[in-house]
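Okay, so here's the structure we're looking at.
Think of it as A, B, C and D in the order they're written, each chain with its own count starting at 1.
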Amino acid sequence: MDYTPSELMAVSGARELQDRQVVAVGVGLPMVASLLAKRTHAPNMAILFEIGVIDSEPIHTGVGLADPRVWYRAKYLSSFVDILGTLLHRGRVDVGFLGGLEVDRYGNLNTTLVGDPKGKFRHMVGSGGANDIASCARKTIYIMRHEERKLRETISFITSPGYIEGGESRAKAGLVGGPSRVITDKAIFGFHPVTKRMSILSVHPENTIEDVVATMGFEPHIPEQVPFTEPPRPDQLKLIREEIDPERMYIG
Amino acid sequence: MDYTPSELMAVSGARELQDRQVVAVGVGLPMVASLLAKRTHAPNMAILFEIGVIDSEPIHTGVGLADPRVWYRAKYLSSFVDILGTLLHRGRVDVGFLGGLEVDRYGNLNTTLVGDPKGKFRHMVGSGGANDIASCARKTIYIMRHEERKLRETISFITSPGYIEGGESRAKAGLVGGPSRVITDKAIFGFHPVTKRMSILSVHPENTIEDVVATMGFEPHIPEQVPFTEPPRPDQLKLIREEIDPERMYIG
Amino acid sequence: MTKRTSLSEAVRSIPSGAHIGLSGFSITRCAMAFVREVIRLGIKNLTVSQCVGAMDTDMLVGAGAVDRLIYGGGSLDRFGLLANVNAGIETGTLLAEEYSSLSIAFRYLAGSLGLPFIPIRSLAGSDLLARIRERAGAEVAFVDDPFTKDRWLVLKPLVPDVSIMQVQTCDEEGNSWIMGPKWDSGEQVKASERTIVIAERVVPTELIRREPERCVIPNLLVSHVVELPYGAHPTSVYREYDYDADRIEGYVEATKSRDAFQAYLDAYVFGVKDHGEYLEKVGGMEKLESLRADPVLGY
Amino acid sequence: MTKRTSLSEAVRSIPSGAHIGLSGFSITRCAMAFVREVIRLGIKNLTVSQCVGAMDTDMLVGAGAVDRLIYGGGSLDRFGLLANVNAGIETGTLLAEEYSSLSIAFRYLAGSLGLPFIPIRSLAGSDLLARIRERAGAEVAFVDDPFTKDRWLVLKPLVPDVSIMQVQTCDEEGNSWIMGPKWDSGEQVKASERTIVIAERVVPTELIRREPERCVIPNLLVSHVVELPYGAHPTSVYREYDYDADRIEGYVEATKSRDAFQAYLDAYVFGVKDHGEYLEKVGGMEKLESLRADPVLGY
């Protein structure tokens, strides 16, 4: 295998994005995936960072959204209210692209705490714009490591709602959209259209369904046909390695 | 008399303003009065124009707020939402300074139409920011010509509320503030603290109470003592004539 | 992706009956060339909104292209009143919903943020509110503040189908700078479903990236970009050109009778095939050069 | 009228128990010198708000100066978590009301506009909302949209007593430019009763008048102006200086135990008499020069 799992995750993420879409992204692999899409098949996609940045073209890797490296060559520098209010809350964001700490079978995302929220727990980062993006984007894509402690039967805290308790419960909470994909380093998941339970869409090359399921905290829906995930193309790898994340800060 | 009635009106308006106040002004005599105050006793007053301008220093007379002459040397150029929202509606404007077409004894102001609103009428300019200023400023000052058809028993339309029907009726409508002065070319009026009816505060030099009342459409409250209005000082006249309105566009 | 197109093509994207927001304020940054093309192409039954009624709206109304106007009052500053708008209101041929500057700005703001309604202190106790409730009752309501129990007037968001924005500078994707005060332009654009940008000049995106804090309209809101110098004539564009006082006076004169206004339209709209011919007709380069803004003064 | 004063005098204007809004976002434009002076002067029992929790807040919490935090989550980006904030939440010594970025921004926006409440689509169906309703029930409520009858969550305005704004450039009256993205700074300042501006440089008002579109904070909102180069160190200020990675790593290391954090405060807060001595202690001119932003890159 001439690519890393993170590279495959980024390429798989990029593949979910279409030209002319408006995409709100967090830092890390979502940013790598979005920049890759924009430099390949989606040149007219708009990439939004909640801090108030549109369509920057970083040439140095930043440590996070607060790093001016990530704002370099932006076309528009504004505010939370502009990005998360007039674009996201107004309904103009096609795709929200998030990382996460824990996700459950209904795509509810936790970035707040691990442990027992009423007892002993460790507090982590909280929402930032994640709850807003998960609540207001037309659809949401998550990228995260494939580990039992991350893909959990029950998560400690719902920071950002997915399909809540499945079925119609998200719509009943007054929310449109919802998670469409969970991309891990072993597989790509979608959500069943009716039950809203997580469902395997593809497993990455050199992985098996058995291993994918055995390393998760809950059993996903498994369709009869599960293809392998398409591997990265050399031009995509070259872009990631030489231009988008040359310091390998996100691509381990 | 070595000054015009308009000059006295502008000077009287300026005298109502204090240093460090935040003043929202319309174009015309209110602007002349505010610029005069700022150049004399109120250098730290902030002058706001609804279009999005703070503390400009015009050197040419403009035809209205839409004239870039009026924005010259501003410290801040922004928007309606900033001026009328984050400053006025937020409660930061001490004084609103307006002109008007018609006013009644309770300080209700009409800039919308003359005639019978349900029958034959002529439509004029409407509100612009006048209603907002009259509704949200801590107090409001009007400057207008002293004519029977302007100081009316009944006005055709309440564009900008004063004390509505007098007494507590403004407070009952959910509004604070209210008109504090009406400055005409014959007199200065205030409002009775309880009845909220217009009351003569001073008559301009060379005018009489009798003439003031005879040329109005309603009878104002007349206190026992009515002094003469203080005339303009030479330095004030010089500033108006040489710097603030050298083309005499507002000062007839 | 370039969105550059001709004025005519941009105007043709607007169906009769659409709700358009216009960028003018009185006699500045008015979408005049746009309005002339709308009239030329015979687009009708428009709803027009803007915070402060301006010359762009008055001319559209005078040409019979507008059914409904949602605005906060307005004039041509000291040149005169919005005579066509006023005549439409007086004769009942124009359905005018009249607010204040802030209440329209708040309705756009609510539209821009996806708020279902927005509370406001203005309008209370006025005949403006009484009229709005008669004519457009479904657009205002009262809500109890759940925190204080006070009763508040709330306004419905205002969402034009398309905003027509006269700007100084943009790139071919539509990223736009607006110099000077912005009145309601920012909120109107962000509320509208899409925006047509009409710019004095189109610059490389590279220049936009050099001063991204200046960008007021991100390209993702823009459907068409039209490069059209002097597109706001006879109104002014800050830092570009002054208003043409003679031509505005001529317009005001023409609004004094139906015949005179028809003659005005015949001369300046129907009598010229496009904006280029219009500019020639109003005096050509010599006149236009005389209106160029002084770079220090901005007018 | 000059509002220039010393950092110490500006800080002394804030009583213990006040609600302060801070300008930081993670590790950029944080009010670090301000926070060090607050700790030095022993101001306590503060309520702190900001959209995204940052190093300024974390240090104040670590020093025991904060009773209550109203924020949308946060971190030190890849340097680490807000260890002091998190410890305060975990042990219950800090009353944290945790929202999302937009819900705090909307609460400031409502405060800035004098709105009694603001509707929002976020938070629904999340444990954030469940927690907020338990802990701060009086700050959220539900209202029926009078136009559609849909039920909407509404938030109460957030109005700090004073906003502490780290900016690049201002004049002595407080008119301020903020370069780069502004996150919640604009709304926070406009919501707050007053603002203390801490600027890299104070310029003549004449310069402010040359580019009035850049002005984000009009002077009438400002009570104090403090000129304090490198006032955000070790965090970054766009176009001025980069974050000091070594010093942030040192901070993160120090947050790993109470003793280490006390030693950190002893060294960098109590052990220096003012900002000048602090800058000497962290490496002086040589180190600071190495952080200067490249004028093209902005970092």
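Basically, a residue touches a chain if its C-beta (ideal position, glycine included) is under 8 Å from a C-beta of that chain, and two chains touch if they have at least 3 such contacts.
Predicted model only: the values in this text are computed from it and were never measured.
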Target chain D, source chain C, minimum contact steps: 1
Maximum centroid distance from chain A, chain identifier (CA atoms): B
Between chain B and chain C, centroid-to-centroid distance (C-alpha), Å: 28
Separation of chain B from chain D, taking each centre as the mean of its C-alpha atoms, in whole Å: 40
Centre-to-centre distance between chain B and chain A (centres being mean Cα positions), rounded to whole Å: 57
Overlap residues in chain D, where contacts from two or more other chains coincide: 114-115, 121, 150, 152, 180, 213
For chain B, residues that touch 2 or more chains besides their own: 74, 77-78, 81, 85, 89, 136
Chain contact graph, described as a line, ring, star, complete graph or other shape: other
Pairs of chains in contact (touch as defined earlier), listed by label: A-C, A-D, B-C, B-D, C-D
Contact set on chain A toward chain C in their complex: 20, 22, 43-44, 46, 54, 57, 73-78, 81-82, 85-87, 89-92, 136
Chain D residues touching chain B - in the complex, by the definition given at the top: 1, 111-115, 175, 190, 205, 208-209, 212-213, 215, 218-221
Residues of chain C that touch chain B when the two form their complex: 25-28, 51-54, 71-75, 77-79, 81-82, 85-86, 89-90, 98-103, 105-106, 109, 120-128, 150-152, 180-187, 236, 238-239, 242-243, 293, 297-299
Chain D partner contacts - residues on chain C that touch it in the complex: 114-119, 121, 138, 141-143, 145-148, 150, 152, 154, 156, 179-180, 213-214
Chain B to chain C touching residues, read off their complex: 27, 49-53, 60, 62-69, 71-72, 74, 77-81, 84-85, 88-89, 111-112, 117, 121-132, 135-136, 157-161, 164, 169-170, 173-175, 249
